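Across the two complexes that follow, chain A remains constant while its partner is chain B and subsequently chain C.
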Partner chain A sequence: MSSTVAVDTTGADLGPAEVAHGAVLAAAHGIRVRLYGPAAELSPVVAGVAGIEVVDAPISIAKAADPAAAVQSTPDASIVQVARAVAAGEADAFVVAGATGPALAAGLLHVRRAKGIHRPALALPLPVPGRPVTLVDVGANVESRPDHLVQFAFMGAALARTVLGVDRPQVALLSNGEEPSKGTPDVVATHRLLAERLADSTHVEFVGNVEGTDLTAGVADVVVTDGFTGNITLKLVEGVSQTVVGEIRKAARTNPVAMLGGLLLKPALGRFRDEIDPEGPGGAYMLGLRALGVVPHGRFTRNGFEQAIVRAARGADGALTDVVHRDLQEAGALRRSPMAAATADAAAG
Partner chain B sequence: MSSTVAVDTTGADLGPAEVAHGAVLAAAHGIRVRLYGPAAELSPVVAGVAGIEVVDAPISIAKAADPAAAVQSTPDASIVQVARAVAAGEADAFVVAGATGPALAAGLLHVRRAKGIHRPALALPLPVPGRPVTLVDVGANVESRPDHLVQFAFMGAALARTVLGVDRPQVALLSNGEEPSKGTPDVVATHRLLAERLADSTHVEFVGNVEGTDLTAGVADVVVTDGFTGNITLKLVEGVSQTVVGEIRKAARTNPVAMLGGLLLKPALGRFRDEIDPEGPGGAYMLGLRALGVVPHGRFTRNGFEQAIVRAARGADGALTDVVHRDLQEAGALRRSPMAAATADAAAG
Partner chain C sequence: MTRDEVSDIVRRHLADELEVDAADITDATRLRDDLGADSMDLMILGQELKDVHGITLPEEEAVQVVTVGDAVDLVVRHLPSTT
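On to the complex of A and B.
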């Protein structure tokens, strides 16, 4: 790969050095990395590794209560420097460890929205056994109009093709029933628009509405929803699977026979554990800006950070933002600029 | 108990006789039951059991594609007869096996909305290990205004106190963050209204917003959300727990050692299985009508139908609808009639 990825290391629970270890692993794939954070912690880890540059940026706003205000008032913050580097063309994509709010705020202010995009969205590949499903939006927006949701579908599909290795992704809309008439008025309108705009697509298939039960049943590659429902959905999946696994663990401690049973069963659960490892997909993807951003969870280890950097580079190499723009243009789903809209209206009038 | 429960038996997957067996179990608690369905199948089961009356009503609209139209056009349907019996005072509560849509349609048309209620809602006690949580609304409405959501909170709390045995229920609002500022504008407004209206309550505590992760973490007794999000939530909980349990079962079949482990672990999982048994809570509760309705799932066995009938009677004995009305009145959260509203506005003007 030939891309450069700018990485904010300051939000990792295990510290900036853990992210640097992830960068070392990513550099082995031929990716160039610019690491932002406290140089004193980063430099010892990457010393002598080709393709990694350290930028001393010790000021972190990863835990800021008001990310937008922090981005405005802290021009030296690591995430602000990362976003500026992308805006200046010094990097082709960016990774922000464990700081979704600041990444979104800095991304909007400095990387900026891509042309024709209504709103950026956060997409998260859920580690579902058998067939991962990418949920979009998981919380960049609290409210979304049908036009926005349609763009989320195109953005999620382009991510699946370019970065996640799905040839012709199946895209679905999350609703309270499978019939096109089910859902809020906005969901019903989105269904109609998606059916129209993806009818002739050779690289994306719209499979209609899916219900909550279907989300982990492998019925689609990309599931579209508004950021409020998406955030609740994502956290429910986390909470329910933790609860079930925890109860089974608890049962395996109730008596010696059960304990032995748990020990004998454990090795066979290895594949399942690997499949639901949240570090596998690299984190959440920030779509709709002029460059791809990836936000690995703060509690990830170096393996998760490696994945995030590798996939950010893959998105840049595959020209993800160009793919989204071209697909939206072909489908007539780009946001018109106010001037273009006025001209078109005048011509129509 | 001294209440009479009208029961539509026609929507059960195992057939009307299975519901009749549930009625026999419920009658042992001293509950009077009127069973609606094909008498030829019901009568043999209940022959000689005191307190059970069979009404021959073999016409079922449990699977009707358009429940509202079916209720209108099929006056002889079992569910319509059940709703009419309640409206005529021949029964104090009703149970409809496996037919939420028809139950809601017939309930609205014949039992009718309780005075001062904006919209009926469906509440479902989720079988969460340790502390069950009642989710309301799980799908009676696709869109809900803040005034509606506030009433759902009061209705859910009254259900918890009267039927589910929770003394001073903790009520929460489902959102994408714990801060009162998080959520859609409607959710933020609902938070403010609930904080105001439950501030002085001695029998309900408002614990604020909860996230998806918290739903199975035992942080509240009642969680309020709109019917769209609630339906997705409910089905996600089902889907994710089935997926996790299924994967663990699959792992226990991969080799002889794992299989032995699974066998040894199985008995210890009994308590967990009991705790997450969906038949335990009796089904979904239809709140906001002039009488309580309970909708057990169509795939339930006699034990689930027994629970549904017992709890319907408990709600009637505890005067659930009166409790809701009194609580809403005290909190100033009753829906004003158009005439009262006009008078109040004129007085204020």
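On to the complex of A and C.
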């Protein structure tokens, strides 16, 4: 890989040095990394490792209560420096450890929306066994219009193709029934638009509406919804999964027979655990900006940060933002100003 | 900075962001209705004016802007003093 990834290290629960260890692992893939954070903590970890540069940026707004205000009022903050480096072309993609709000604010203000995009979106690959499902949007926007949701579908599909290794992703729309008539007026309108715009696509297949239960059954590669529903869905999936896993652990310790059964199951459960490891997909992806951003969870270890950096570089190498623009243009789904539309219509006669 | 220079900066920014011809943008052009600019476009314009030209626009005045001419006048009113 030939890309440079700018990385904000300051929001990691295990500290900036843990992110630096992840950068060392990523650099072994040939990725150049610029690490932003307290140099005193980062430099000792990366000393002597080729391809890693440390930028001393100890000011963190990762936990700011008002991320947008913090980004505007703290130009020296590590995340702002990261976003500015990307905007200036000093890096091709960025990773922000554990700070979704500031990453979105800095991305919007400094990296900026890609041309023709209505709204950036957050995509999260859910580690569903057998077939990961990427849910878009998981919370960048509280409200989304049908033309926004259509763009989310294209962005999620491009992510699946260029970063997640799915050749011809199947895209679905989250609703309360499989029939095209099911859902809110916006969901029904989005279904109609997606069916029209993806009818002839050779890159993407629209498989219609799916219900909440289908999400974890791996019925599609990408599932589209608005950020409000997507965020609630994500938290519900996480909550149920944590509760069930906790109860299984408790049950396995109740008596010697259960403990023995747990021991016998351990190898198989280990493989299952690896498959559903949230660190595997690298975190949430910020789509719709002029460069790809990845936001690994703050509690990730170095392995998760490595994955985030590797996948950010893969998105840059695969020209993800160009792929999105080209696909949207071909489908006639780019955002256009009324003035530009009128000019184009006049030119077309 | 003169009003014409401010107008040039604003029109060039909007033309680039919204992919329209700068020559087609006049003072009377409406930001939302003609250019399709949304709140995010206006926020980014404000950030660029702040970053590049050191001009800070009060939010309560910025939300009143309807046309490109209104935006230019607002920026002119808040140009940093050169004295």
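Please note the rule applied: the second predicted complex is superposed on the first by the 339 of 349 C-alpha atoms of A that agree within 3 Å, B and C clash if a C-alpha of one lies under 4 Å from a C-alpha of the other, contacts with A are read in each partner's own complex, and residues count from 1 in each chain.
By definition in this document, a contact is a pair of C-beta atoms (placed from the backbone, for glycine too) under 8 Å apart; a residue touches a chain by one contact, two chains touch by 3 or more.
Since we're looking at a predicted model, the values are computed, not measured.
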| item | value |
| --- | --- |
| First (chain B), second (chain C), both or neither touched by A:Gly139 | first |
| In the superposition, chain B vs chain C on chain A residues touched | B |
| A:Val244 touches, of chain B and chain C: first, second, both or neither? | first |
| Touching partner for A:Leu260 - first (chain B), second (chain C), both, neither | first |
| Contacts of A:Ala195 with chain B and chain C, given as first, second, both or neither | neither |
| Which of chain B and chain C A:Arg335 touches, first, second, both or neither | second |
| Partner chain in contact with A:Ala69 - chain B first, chain C second, else both or neither | neither |
| First, second, both or neither for A:Gly116, with chain B first and chain C second | second |
| Interface residues, chain A side, partner chain C - complex | 72, 108-110, 112-113, 115-116, 118-119, 335-340, 343 |
| Residues of chain B that touch chain A when the two form their complex | 128-129, 139, 142-143, 174-177, 182-185, 187, 211-217, 227-229, 231-245, 247-248, 250-252, 254-255, 257-258, 260-269, 271-272, 275 |
| Touching residues (chain side chain C, partner chain A) in the complex | 17-21, 24-25, 29, 33-38, 40, 43-44, 47, 50 |
